[in-house]
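Shared chain: chain A. Partners: chain B in the first complex, chain C in the second.
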Partner chain A sequence: MLTVANLSKQFGGQPVLRNVSLVLNQGEVLAVLGRSGGGKTTLLKILAGLEAPDAGTLHLRGQDLGPVPPNERQMVYLYQEPLLFPHLTVFENVAFGLRIRRVAQVEITAQVTALLDELDLREQAQKAPYQLSGGQRQRVSFGRALIIRPRLLLLDEPFGNLDAQTRADMQQLFLRVSRQHQITSLFVTHDSREALTVGTRFAYLDEGQLTSFASVAAFVEDARTAIGSELAFWESVQQKRNMII
Partner chain B sequence: MRSRLLTLFLALLFGLPFVLLGLLAVGEDWRFPAALPMRYSLAAVRSLLAADNDLLAGLGRSLLLAGTVAVGATASGFALARAIARSRRAAQWEAASYLPYALPPVLLAVLIQPFIIRLHLSGSVGGVLLGLGLVALPFATLLLRSFWSPQVREYEHLARTLGCTAGQALRQVLLPLAWPLLRTTLVQTFLLTWFDFGLTNVLSVGKVRTLTVQVFTYVGEANAQLAAVASLLVLLPPALLLLVNKSALLRKP
Partner chain C sequence: MPGTVATLSPARLLLWLYGLLVVGLPVAGLAYALLGSVGLAGPLAAGFTGRYWRALGADTGLLYAALYSAWVAVASVGISTGLALLLVLWAQPTLRRPPLPALLYVPLLMPSLVVAFYLFQLLSRAGWLSRLSFRFGLTANLEDFPELVQDGPGVGIILAQVLLSFPFLTLLFQAIYQESRLAEYYQLTLTLGASAAQFRRRVAVPVLLRQAAPTLLLSFIATLGAYDIPLLLGRPYPQMLSVYIATRLQRFDLRELPSAYLAGFLVAAGLLGLIGLLRLTGRARDTASVP
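After this line comes the complex of A and B, so read on.
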């Protein structure tokens, strides 16, 4: 579905992405793990059409995305902050993409109401964004993206600002909705546990170089992901606990 | 109790000049040491309704000038602030925006007057508009610079990926987000222009008689009654503007 080949980008002579290539099929969630400054955000912005690559090609369902502006790509970029429009209610935030596309009012009401039900936000429909909790805001942001049926969802550490419990809830919600709507996503995170929870495919991005893994096992075993050392830590905690008991 | 006394004191402090202006506008034969005018007459106020009244024409001229400069400077300042925020040398450009404040408006008028004459705009509304615009534009740009934060850029990007063209992102997202600050800028640039005397007086060479210029003329002629009526007219639009925009101007950060 999405094919990225030899993507490169420099800022002020400093390479940020180096020959990045990947393939993503319909309904897959590619979890990209990496540290800050590794080029994750630049990769997402290039895919969304918000930055131009210095070299490389992007194809979505055979279409060359190079000349396609961001508003015609049907790829929604979700930030760490929900960025709800403060001048609009929850209902109007979710309806935003449909209003831009001049969808009929009856259709907007039906679609938005159904989605608000699905995201458990119906009670909040007429509230202003500032009246919502962090988790609710992120759900509205998610609904605003889903309503336009994106061909690709680009998530830039979307749950990074949430507390542990809300974050876990949002990850489960993302999984449920992704499967239900067969959404193809590229999910960027620096949290290996989150990557393993939401991903169906895995990659590691560091200093502009992307490594794709053929299996979960290969991802876990790669020393750079540090998942092995974390597992060893928890095993040692378990052993100590057993010795005390 | 203390806060009530303070409120009363402040109300007296701000209210007394208005009471005095009102008395001057309707009072006649008010000579020292009388505490109040000997007689009262609405003749000066009634004269405002006369078809050839210069004060009402001045009010119209001032409204036109201040309104045009406020709208023009706010719109241009919005675009200019965005360009500064996105330039590679944002800090230098921002510092340069302060440079016009090194000159008082009247000195700026003296400096630009040769250019205004060469443009055949001396003594015209266009010349005064240009001069006032040069004062108001940097002010509007500096006020609106704070709007163009990295988060606003993210809002814009998000709107684009949700399907907005650049124009739609501006109309549907950026302008509503900026509206409280735009409103504040409109009010402030309007007031800046409305109360200007020095620059207008120099560039208009006595031909563009705004309300503020007329107040100074009447004061110079020792015509206290007309000066007071003109002053009340000068105070009317800003008072209305401040009242209407009270919530925007007093909003908490």
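After this line comes the complex of A and C, so read on.
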């Protein structure tokens, strides 16, 4: 469905992406793990049309995305912060994508209400963003993206600012909703546990080079993901605990 | 109590003195104006009378001055806001690189009287533009050049106010644009399917205006009470409020003083009432939106 071939990008002579290629099928969630400054955000922005690549091609369902402007790609880019519109209520934040498409009011009310129910935000519909908790804000941001039925969802460490429990809840919510709506996503994170939780396919991006993995096992075994060393750490903790008991 | 004074720290004492200066004196002035308007204060005070208040109904001067001032303030703040929004929303790259940011500070350094004098020299019928147009044959005599200062609609006053306030509002909007991360909102709204115009109309303008609303109100009040610019660039009739009141206060006939006090009191009370009303409206809106 999404085919990226030999994507490259430089900033001030410094390569940020080097010949990045990937294929993503309908309903898949590609979890891209990587450290800060590895080119993750640049990759997402190029896919969204917010940055132009120096070389390479992008095709979505056979359509060359090169000449398509960002507002016609139907690919929503979600930031780490929810970036809710501060002057609009929760309902109007979610309805934004429909309002700009001049959808009829009856249809807007029906669609937004259904989505707010699904995201457990019905009670918050008339609240302002500043009255919400961090998790609720992220859910509103998620709903604002989902309402336009995006062809591809681009998530840039969306739960990075949440506490551990809320983050885990949001990961489960993301899983449930993306399976239910068959959403295709590219989920960037620096947290290997989050990558394993949300991903159906896995990749590692560092210094502009993307490595795709054929299986979860290959992803876990790759030393760069540091999942093996983390597993070893928890196993050693478990052994110490057993010895004490 | 002497004991209380003795325990006041120097900082607290300074705070009290400052409070007295910024609140006490204006309130005292307002009270004196009110007393003057009912014949209880002033050089010719002869006991309580309501005749100056009753005479207000027959005197249209104050009403015209208020309406004229409101027109000048609305036009000046409106044009300045429009220009500042245009620059911030359509010329971001230009605003971020020299020399425009530095140039925007220049009018802020000039006293308003200097700006008024400069515009008088430039735009009056005997001014530079009029002379140039005569020299190039665009006008045959002085009367052919349009009245741009000391004119009826207040074009000169409005122009001077705009020249002074639009750079300030541009810098304010630019600071809000950056603090509110509107550049990121722009990218987000693009991916949600919005055009640049929809982003400006539905997101940027409401965010900028909401955050700048208190400053815009203060600009409106400052323009409403402006003195030196309308003194130089305005006509004897209609006059802006401050010039109207000052003219009446400075008349040789001391019997005119109570009606000048009355005008001053009404203008100050009206402005305070306006600020209070807006604060109450804002507070009610905030309370209504709290869960």
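Keep this in mind: the second predicted complex is superposed on the first by the 245 of 245 C-alpha atoms of A that agree within 3 Å, B and C clash if a C-alpha of one lies under 4 Å from a C-alpha of the other, contacts with A are read in each partner's own complex, and residues count from 1 in each chain.
Heads up, the rule we're going with is that a contact is a pair of C-beta atoms (placed from the backbone, for glycine too) under 8 Å apart; a residue touches a chain by one contact, two chains touch by 3 or more.
All values derive from a computational prediction rather than experimental measurement.
Peer 1: Putting chain B and chain C on the same copy of chain A, do they fit or clash?
Peer 2: On the superposed model, which is not a single observed complex, chain B and chain C clash.
Peer 1: Is A:87 touching anything from chain B or chain C once the two structures are fitted on A? First, second, both or neither.
Peer 2: both
Peer 1: Of the two partner chains, chain B (first) and chain C (second), which one does A:127 touch, if any: first, second, both, or neither?
Peer 2: second
Peer 1: Per the contact definition in the header, classify A:96: touching chain B only (first), chain C only (second), both, or neither.
Peer 2: both
Peer 1: Between chain B and chain C, whom does A:13 touch in the aligned arrangement: first, second, both, or neither?
Peer 2: So A:13 meets neither chain B nor chain C here.
Peer 1: Looking at A:73, would you say it contacts chain B, chain C, both, or neither? Reply first, second, both or neither.
Peer 2: both
Peer 1: A:148 contacts which: chain B (first), chain C (second), both, neither?
Peer 2: Both partners, chain B and chain C.
Peer 1: Just to be sure I follow: which residues of chain A are touched by chain B in one complex and then by chain C in the other one?
Peer 2: Dual-contact residues (chain A): 45, 48-50, 69-71, 73-77, 79, 83, 85-87, 96-97, 100-101, 144-145, 148, 154.
Peer 1: For the complex, give me every residue of chain A touching chain B.
Peer 2: 45, 48-50, 69-71, 73-79, 81, 83, 85-87, 96-97, 100-101, 144-145, 148, 154
Peer 1: Would you tell me which residues of chain A are touching chain C in their complex?
Peer 2: Checking each residue of chain A against chain C gives 45, 48-50, 69-77, 79, 83, 85-87, 96-97, 99-101, 126-128, 131, 144-145, 148, 154.
Peer 1: Flag every residue of chain C that touches chain A in the complex, lowest number first.
Peer 2: Chain C reaches chain A through residues 180-181, 184-185, 187-195, 198, 202-203, 206-207, 210, 289-291.
Peer 1: In the complex, go through chain B and note every residue touching chain A.
Peer 2: Those in contact with chain A are residues 151, 154-155, 157-158, 160-165, 168, 172-173, 176-177, 179.
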